[in-house]
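Got a structure here, written out as structure tokens. Questions coming.
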Amino acid sequence: MAEPLPTPQDVPAHRIHGLSDGIFAIVMTLLVLELRVPEQAGELAQAAREAHFAADLAALLPRLIVYAFTFLIAGVSWLSHTHFQSSVLRTDRRLAFLNILYLMLVSLLPFTSALIGEHGDTALGVAVYAVNQVLIAAAFLWMLAHAVSGGLMRPGWANERLGQRALVNALVFTVMALLAFAAKPLAWYTPFALILLHPLLGRVMRRPW
Amino acid sequence: MAEPLPTPQDVPAHRIHGLSDGIFAIVMTLLVLELRVPEQAGELAQAAREAHFAADLAALLPRLIVYAFTFLIAGVSWLSHTHFQSSVLRTDRRLAFLNILYLMLVSLLPFTSALIGEHGDTALGVAVYAVNQVLIAAAFLWMLAHAVSGGLMRPGWANERLGQRALVNALVFTVMALLAFAAKPLAWYTPFALILLHPLLGRVMRRPW
Amino acid sequence: MAEPLPTPQDVPAHRIHGLSDGIFAIVMTLLVLELRVPEQAGELAQAAREAHFAADLAALLPRLIVYAFTFLIAGVSWLSHTHFQSSVLRTDRRLAFLNILYLMLVSLLPFTSALIGEHGDTALGVAVYAVNQVLIAAAFLWMLAHAVSGGLMRPGWANERLGQRALVNALVFTVMALLAFAAKPLAWYTPFALILLHPLLGRVMRRPW
Amino acid sequence: MAEPLPTPQDVPAHRIHGLSDGIFAIVMTLLVLELRVPEQAGELAQAAREAHFAADLAALLPRLIVYAFTFLIAGVSWLSHTHFQSSVLRTDRRLAFLNILYLMLVSLLPFTSALIGEHGDTALGVAVYAVNQVLIAAAFLWMLAHAVSGGLMRPGWANERLGQRALVNALVFTVMALLAFAAKPLAWYTPFALILLHPLLGRVMRRPW
């Protein structure tokens, strides 16, 4: 396929990256707002004040964990996004729109992460988080499929890895969503399958055929 | 017209894009803050907890829809902005100021979208949203008019499409604002006219004369 | 003066601009959060609902005005910042730090604008806003003085205009701060002096001597 | 060591900088939200209104100080980040991930700064802030160590200064965390050691051996 020439309708890469990096930055830091400073304990003795404050901090711990978790999850999505974008030669208006759709789903991560953090004891809380991840992977695959079929990718890009990674994510989180209703305790362990599957696939793919 | 030379008073394109992309990113993600995680249900049996949480999530649905809607609407405005900016050769201080005015009106979208989402049963709620969109289109046309008359556009830019698109938006949302008071149910269907009018005009415009 | 060479300690321009544009974008849009959607009116007849909502919207008008005002004020500061930065050849660490100080003072604008919007009937409310503007102008002059004396400016930059503009701002807002306590009604009209003084100085400066 | 060639897995510098600058911009400005405009005093005489508002403003002073303090602390971290990044030749995926980890810890600064601001009378409040700073320095050293050992640094970069600066920070804040429990009043003065140690080390390092 001959390398396609950019058209005036194309969206320049630095605009796509500027918007995406901005949205990722906000998504990552948004949950800091949930970490509210506990109120002062009023007129207590020093020892009592220490104990009171320690208890308040301990109560914030779940939110701190959800915060760190979301930050890293969104960070990994950002890494996939940069990886994909590095392989994109030009962005037509449809790819730009699909990118917006993808970012909309990523922006829901702080909300669904907080849901699973506080309502992980309900099947629905687990399922909503898993579905959010499935939709992110699906939007990513849609972007990739459009870019490949439209000849928008750089020659020699690493298509198998990008596509498979998203496909594995979509499958694992679909299983997680289903298990949430069938066998909740198992659902919680599903994401760990990713840690096993991704390096395994990586090794398989590098094998020449 | 001879290509104008940049002057030291000009604002570099990467600054205009940096500010604009930052503001669009915030505008798009701001409404996630409205999606608050429901509180835990306290000491209920598992089945009751599931039902309670399901009802809480269902109550969040309207906000989720307004969120997705605003994200996509702002995303489409961002696409128009990138399209226009790709045709701009240089930005004098007046164009930079008009860009700020345009961004100010775009930043009101999360507010007016939430208004129509929660108060769409009042004529005023519908009209305020429509007027916001009319003002955005008007500010866009003002930017375009200044850039064209000041010779700030790249030679061979697609002026008809950019200007007509904004003009059609301005007209359709003016009709929507008026219908809000005259025939509210009709007002709700006015934006769909855009889906018909934009491709139609696109086809007409491509016809050589 | 020979053109100074960049050193490894220098901060690259795109980092300075990235941070500054991000902070300006947040400062401009932060006050949208103050525009909260009024609650639904409950079980009223349609006409009563319309009137109720109209009254709620009217009550939001002062905040809307403060929002638009802050957006434009911060936008004008951003324009000055881009103008100054276009004349900067390289940024040593002290200039980068002064830029952070300047941004810190600009970030207070939404707060002090809201203060004067809601407490403009007190001398202190007017004075705090004016002092914020004086400090912004002072930080700007400090940046400029350091850049000029350190030989960090591009040859042939328009020094008179940049410096005088900030100096005039500093003087006018100092007068406003003092008048807030001496003759409050006059204080409110002081900023309009800027509209007269800036073009006047512009004309005077262009005159060759 | 031969200069390593970038690989398609590398994350482009402008993406790293775009995300980092966005996150720093948010971290710096987030605490403005804590500066809430005091409510109007209702129907009081003018003199009483002035006094009421003055008292309200005075009550905001501690938050204003925490705001300015966090802004400058985060600003200094940003300066270190730009300094480090200017010496980085290419960013592999592990360095990009470590950068995300570092940013996560920096994003906690507004929270831990507010903690020490309001709960500085408890040992825990002081210690949590100090531990946050220790972790930031540790993540910075981790990034640096990976970049050096992976051959990702530009030839001739100023390694001693970057590494030592972070090491000194880590040590001083470790001492602060320990003193918080052993001798709290001393803990408060520990950060001032940085003001002494950094220039001292700077002088020592410039000495040729």
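Going in written order, the chains are labelled A, B, C and D, and every chain counts its residues from 1.
Just so we're on the same page, contacts are C-beta pairs under 8 Å (C-beta built on N, C-alpha and C of every residue); 3 or more make two chains touch, one makes a residue touch a chain.
Remember, it's a predicted structure, so these values are computed and weren't measured experimentally.
Asker: Same or different: at the chain A/chain B interface, is the fraction of residue numbers used by both copies above or below half?
Answerer: different
Asker: Compute the rotation angle for the C-alpha superposition of chain C onto chain D, expressed as a multiple of 5 degrees.
Answerer: Result for this pair is 90 degrees.
Asker: Select the chain at the greatest separation from chain B, using centres from the mean of Cα atoms.
Answerer: Result for the farthest chain: D.
Asker: Where the CA atoms of chain A average out and where those of chain D average out, how many Å apart are those spots?
Answerer: 26
Asker: Please compute the C-alpha centroid of chain A, do the same for chain C, then give the distance between them in whole Å.
Answerer: One centre to the other, that is 36 Å.
Asker: Mark out which residues of chain D touch at least two other chains, giving numbers and ranges.
Answerer: Residues 14, 18, 22, 25-26, 33.
Asker: Spell out the part of chain C that touches chain B in their complex, as residue ranges.
Answerer: 14, 17-18, 21-22, 24-26, 28-29, 32-33, 35, 37-38, 40, 46, 49-50, 53-54, 57, 68, 71-72, 75-76, 78-79, 82-83, 85-87, 157-158
Asker: Show which residues of chain D lie in contact with chain A when the two form their complex.
Answerer: 8-12, 14-15, 18-19, 22-23, 25-27, 30, 33, 93, 96-97, 100-101, 103-104, 107-108, 110-111, 114-115, 118-119, 121-125, 128
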